[in-house]
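Multiple structures follow.
One chain, subunit A, appears in both complexes that follow, with subunit B as partner in the first and subunit C in the second.
Our next item is the complex of A and B:
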């Protein structure tokens, strides 16, 4: 048996090779090469079944990031093998179908690369035992689904659908990631198997982790109210819709719920959320499916509804964990069993239906049920498959949907009689909602068959003359239709070998030996059968009424989740733009105000908060008369600069300031500083004068009084804060200065001048960099003057 | 004695600087201001000389020399700016 790691990697490797085949062998349809991948995987997975049916499980680890506990651990048990077989099996059929569906003019290599990426990612999701690896593959499925939905990227609707699917499933993915991290905090392990035994239901993070995990599962599985992306994902090519959006990707959320049932399932919140959201989705999906006019949209809503059914069954099944290993828990494990059973059934009939819709679309050129009709005589095989698929979905014998629907009814009837989790309050709602939803399900199944294949044939409304599809296109749905009937006739073969081990991995703590209850086609006159008969009768009546009156429903109004999604996106963009344009004014003065405000708050605030403003004047040197005279001169000059009328006055006053500072340096015994300061001041003045030649006369500033007063307040506050900070720092010296060391300048560096010794010897690195700064400044000025944009490239800044 | 004399002269120099500052701020025309600026420079030279005698050091002699040159240069630059509007002229025959 090949290692599962290899099996997961094969699609990725094939995705790398595919484009080479496409380029080198242009005459052979590349799908034939791709088709080998899922077939090989399917066969290798089938070989696991006998040993897994005996209760074995295969664990295999490849180290990835062992220091963080992230390893590529795969775990093959009953649950994952069901999904593995679905992914590879349906995958083979879909690829076979796509060979005939897509014409050679499409960019086939892209299509098959995305599809293989998706297949590998999906296999990774279901076989991973490590949370982080699971998450990585989970996001890979989202990305490849995004790519596949937008396969016809030149269509606006495709891009819209892809973006919607990506945003919603990524949102859920992030929620799931946070849940995984919480689980890691609670249990200190990344392995799903170990988490089951280590989880602590009383931990504070238990409920948040549960909720976030469910958000991840619900978004992926298109549960209410996150279902809105699925109908828009129908812009993808039909093989993609058949594969991703009915059989595999949307079941990743179901897989997650099933996989984590032993972790969270014993909690009341889990039961209520999973089962009630499932039921709401079931009802809402089937209710909306009836009013669709596009066959694919109808199937999308029916997928939503069926996924809700499976989800609610898993929710009901989780009661068994609460009851523990007892006789009572068996009827609830039966609900989970029904969920697994319906999961397989749904994949078969929904895959077949999508393929039939694709055939109709491909051969006739439309999927609009208002234009279709009377195709039975032209497309007998497709009609037969559609009939089988629809009746199976409606839950009629002799198709497999009947069996799972019966088990579903039994489960909801059983749960309504349960007495834990205070179900008895709302218990009766379970069978009622389920029954109403089933009536709708029956109606839309009838619509698929009767509106498409019966009634008058109207060739003038169709784009092509109706005729039967190519054989290659019909083979995959025929295989699926055969499975639908086959599973009905021999349900226990599937049940015993594949589904029971799956059930055992959902309930590892219960011994399911005694709970063996084979699926029976005829199970006597029990409530479930009466409910089915009621569904059929009422369904036929409503279908007849609805055919006569054009629409039974009011059209979808303003208050839909699509509307909410669209307006949310719009509002986020709008508000974001508004907020940004509110503070990003493009005015330098505003930004300076923000910076100074931040300085005031951070520096001044922290000093105030920590009580750091201390003024200790005791160690200050006495102030001499000249110093105060110079400072007085400087203050006068500074105040005069602010009120200066002409530029030249301002610049002269600035020169006074600079020379006064030089004099201060002299007074404080810093000859080198004084020298440099004098030279720099003179050069700066000269540079200012250079610039002024190009500037207009200083105009009287026409700023508003409010802006001016803000400027004054900000500048005064900044001045006060920094003066007080400087005084506080001066007052409290923590350490002796290190200047004593530099007094050895002559011994250590052979220099009489300490300042020069520090600049050129002790701290010469700084000097070097300062030289570089000057160098860069010089080059910058030179380039600014010399390199001017040519005339034709005038708007070089706005590019 | 000389210390007291130097301190008195320093104070007088500082006062002179303050007075020239008044001329810079008030000073009805630009040439007034430039002359006042030049005067500050000269006063600074003298003040620094007095300080270096007071501090008994030769370290400020370079400062005095530099200041002498710079005061001259900046006065020339300012004058040129007032007269021509530019301080570095371009060659005409280019």
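Our next item is the complex of A and C:
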């Protein structure tokens, strides 16, 4: 047997090779090469069945990031093998179908690369035992599904549908990731198998992890109210809809719920959420399906509805964990068994139905049920398949849907009589909602068959003359239809060998010996059968009444979840733009205000918070007359700059400041500084005066009074913080200065002038870089001026 | 003495901040120049003022004022000079090419 890691990687490797085949062998339809991948995988997975039916499980680990406990561990048990067989089996049929469905003009290599990516990711999701690896593959399915929905990317609706699916499933994926992290915090392991025994139901993170995990599962499996992406995903090519949006990807959420039932299932919240959301989805999906006019949209809503059915059955089954290994738990494990059974059944009939709708679309050019009719005589094979698929979905004998629908009714009737979790309060709602939803299901199944294939044939409304499809296109749905009937006749073959080991991995703590009833085609006149008879009778009556109306379509009202989604996106975009344009004004002054405010809050706030203001003036040097005169002059000069009317006054006052500082340097025994300051100030003032001539004549300060007062407050606060911080720092010296070392300048560097020795010897590196700064400044100035000269020269040449 | 110099530096910072927040490009450049004056005064007073003689060996009584801040200030003066000179030429060229002051440039960017 091949290692499962290899099986997961084969589609990815095939995806890499596919374009080479496409380019090198353009005459052969590339799908034929791709087809070998799922067939090989399907056969190799089948070989696991006998040993798994005996209760074995296969674990295999390939190290990935062992230091974080993230390893590519695969776990093959009853549950994952069911999904693995569905993915590879339906995958083979869908690829065979797509070979005939897609014309060679399409960019086939893209299509098959995305499809192979999806297949590999899906296999990764179901076989991974490690939470993080599971998440990685989970997101890969979202990405490849996004690419497939937007396969015809020139269509606006395709792009809209792909974006919607991506946003919703990624949102759920993030929720699931946070749930996984919480689980890791609780149990300190990434392995799903180990989590089951290590989970602590009383941990504070247990409920949040449960809720976030369910959000992930519900978004992926299109449960209410996250179902809105699925109908829009119908813009994808039909093989994609058949594969992703009926048989595999939407069941990833179901898989997650089934896989984590032993972890979370014993809690009341899990039962209520999973079963009630499932029932609401079941009802809402079937109700909306009846209103559709597009066959694919109808099938999308029916998928939503059927997924809700499976979900609610898993919810009901989780009660068994609460009861433990007792006689009573049989009826609830039977619900989970029904869920697995319906999961397989749904994949068969929904795949067949999607393929038939694709054939109809392909052959007559429309999927609008108002334009279709009377195709039975032209397309007898498609009609037969549609009949089998629809009647199976409606739950009629002799098709497999009948068996799972009976088991579903039995489960809801049983749960309504349960006495734990205070079910008895709402218990009666379970069978009632299930029954009403089944009536709707029956009606839309009739619509598929009777509106498409019966009634008058109207060739003027169709794009092509109706005729039967190519044989290759019919083979996959024929196989599925044969399975539908085959499962009805031999349900226990599937049940014993494949589904029962799956049930064992959902309830690992219960020994299932004896807690399992074989599926019986005829089970006597019990409530479930009477409910089915009721569904058929009422369904036929309503369908007869409804079909008198020309169109069954009821336009959606104003308050739909689609509207909510659209307006939420719009509002986020609008608010985001508003917030950004509120503070990103483009004005230098505003940004400086933000910076200064931040300075005040961070520096001033920290000083206040840590009570760091200490003023110590004991070490101050004495004040003399000269110095106080200079300080006074500077204060006067600097304040005068603010009120200076003309620019020249301001520039000259700045010069006064510079020269006064030079004088201060003289008094503070810094001759080199004084010299430099004098020279630099002279040149700077000269530069100011030079630019003065070219700069705007009058600097109008027509600033509003409010802005002006904000400026004043900000600058005064900055000054206060500066002074208080500087005084605190100045007062509290932590250690002696290192300047004593530099006083050995003569011995160490042969210099009398200590400052020059520091600049040229001790710390000459600074000086070198400072020279470079000056050099760059000079080049910058030169370039700025020269650039203009060249531009003018070009202008002259152009003239 | 240090306290007085720090307060003076504080006044310089206040005025420089106010000038930086104004619209005229010349006032903004003046603001940066005054801000660097304040920084130099701060550096000077942090080392302690007049604790000894001129830091030239052989002068005075053998005690010297701290020479390290002086070296730092000298470096700083040159750098701020280079930056101020560049800013001035930049302002001159911007005005020549676009006939705009800072506030108009900002508004122009926003409206485009």
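Here is the rule we go by: the second predicted complex is superposed on the first by the 734 of 799 C-alpha atoms of A that agree within 3 Å, B and C clash if a C-alpha of one lies under 4 Å from a C-alpha of the other, contacts with A are read in each partner's own complex, and residues count from 1 in each chain.
One rule holds for everything that comes next: a contact is a pair of C-beta atoms (placed from the backbone, for glycine too) under 8 Å apart; a residue touches a chain by one contact, two chains touch by 3 or more.
What you see is a predicted model, and the numbers here were worked out from it, not measured in a lab.
Trainee: Determine, under the contact definition given at the top, whether A:293 touches first (subunit B), second (subunit C), both, or neither.
Mentor: Neither subunit B nor subunit C is touched by A:293.
Trainee: With the two complexes superposed on chain A, say which partner A:671 touches: subunit B (first), subunit C (second), both, or neither.
Mentor: Both partners, subunit B and subunit C.
Trainee: Mind working out whether A:657 is in touch with subunit B, subunit C, both or neither, as first, second, both or neither?
Mentor: It touches subunit C, and subunit B stays clear.
Trainee: Of the two partner chains, subunit B (first) and subunit C (second), which one does A:629 touch, if any: first, second, both, or neither?
Mentor: first
Trainee: On subunit A, which partner touches more residues: subunit B or subunit C?
Mentor: Comparing subunit B with subunit C, the partner touching more subunit A residues is C.
Trainee: Give one of first, second, both or neither to describe whether A:686 is in contact with subunit B, with subunit C, with both, or with none.
Mentor: first
Trainee: Touch test for A:648: subunit B only (first), subunit C only (second), both, or neither?
Mentor: First partner only.
Trainee: With the two complexes superposed on chain A, say which partner A:719 touches: subunit B (first), subunit C (second), both, or neither.
Mentor: Only subunit C is touched by A:719; subunit B is not.
Trainee: Going by the contact definition given at the top, which residues of subunit A touch subunit B in one complex and subunit C in the other?
Mentor: Correct list for subunit A: 667, 669, 671, 690, 692.
Trainee: State the interface residues of subunit B toward subunit A in the complex, per the touch definition above.
Mentor: Subunit B residues touching subunit A: 7, 10-11, 14-15, 17-18, 21, 24-25, 30, 33-34, 36-37, 40-41, 44, 47-48, 51-52, 55, 57, 59-60, 62-63, 66-67, 70, 73-74, 77-78, 81-82, 85-88.
Trainee: Looking at the complex, which residues from subunit A come into contact with subunit C?
Mentor: Going through subunit A, the ones touching subunit C are 585-589, 592-593, 596, 617, 619-623, 627-628, 631, 634-635, 638-639, 641-642, 647, 650-651, 654, 657-658, 661, 664-665, 667-673, 676-677, 680, 683-684, 687-688, 690-692, 694-696, 699-701, 703, 711-712, 714-716, 718-720, 722-723, 726-727, 729-730, 737-739, 742-743, 745-746, 751-755, 758-759, 763, 766-767, 770, 773-774, 776-778, 780-781, 784-785, 788.
Trainee: Residues of subunit C touching subunit A in their complex?
Mentor: Against subunit A, subunit C makes touches at 1-15, 17-30, 33-34, 37-38, 40-42, 44-58, 64-68, 70-71, 73-75, 77-79, 81-86, 88-93, 95-97, 101-103, 106-107, 109-110.
Trainee: Inside the complex, what are the residues of subunit A that reach subunit B?
Mentor: 625-626, 629-630, 632-633, 636-637, 640, 646, 648-649, 652-653, 655-656, 659-660, 662-663, 666-667, 669, 671, 674-675, 678-679, 681-682, 685-686, 689-690, 692-693
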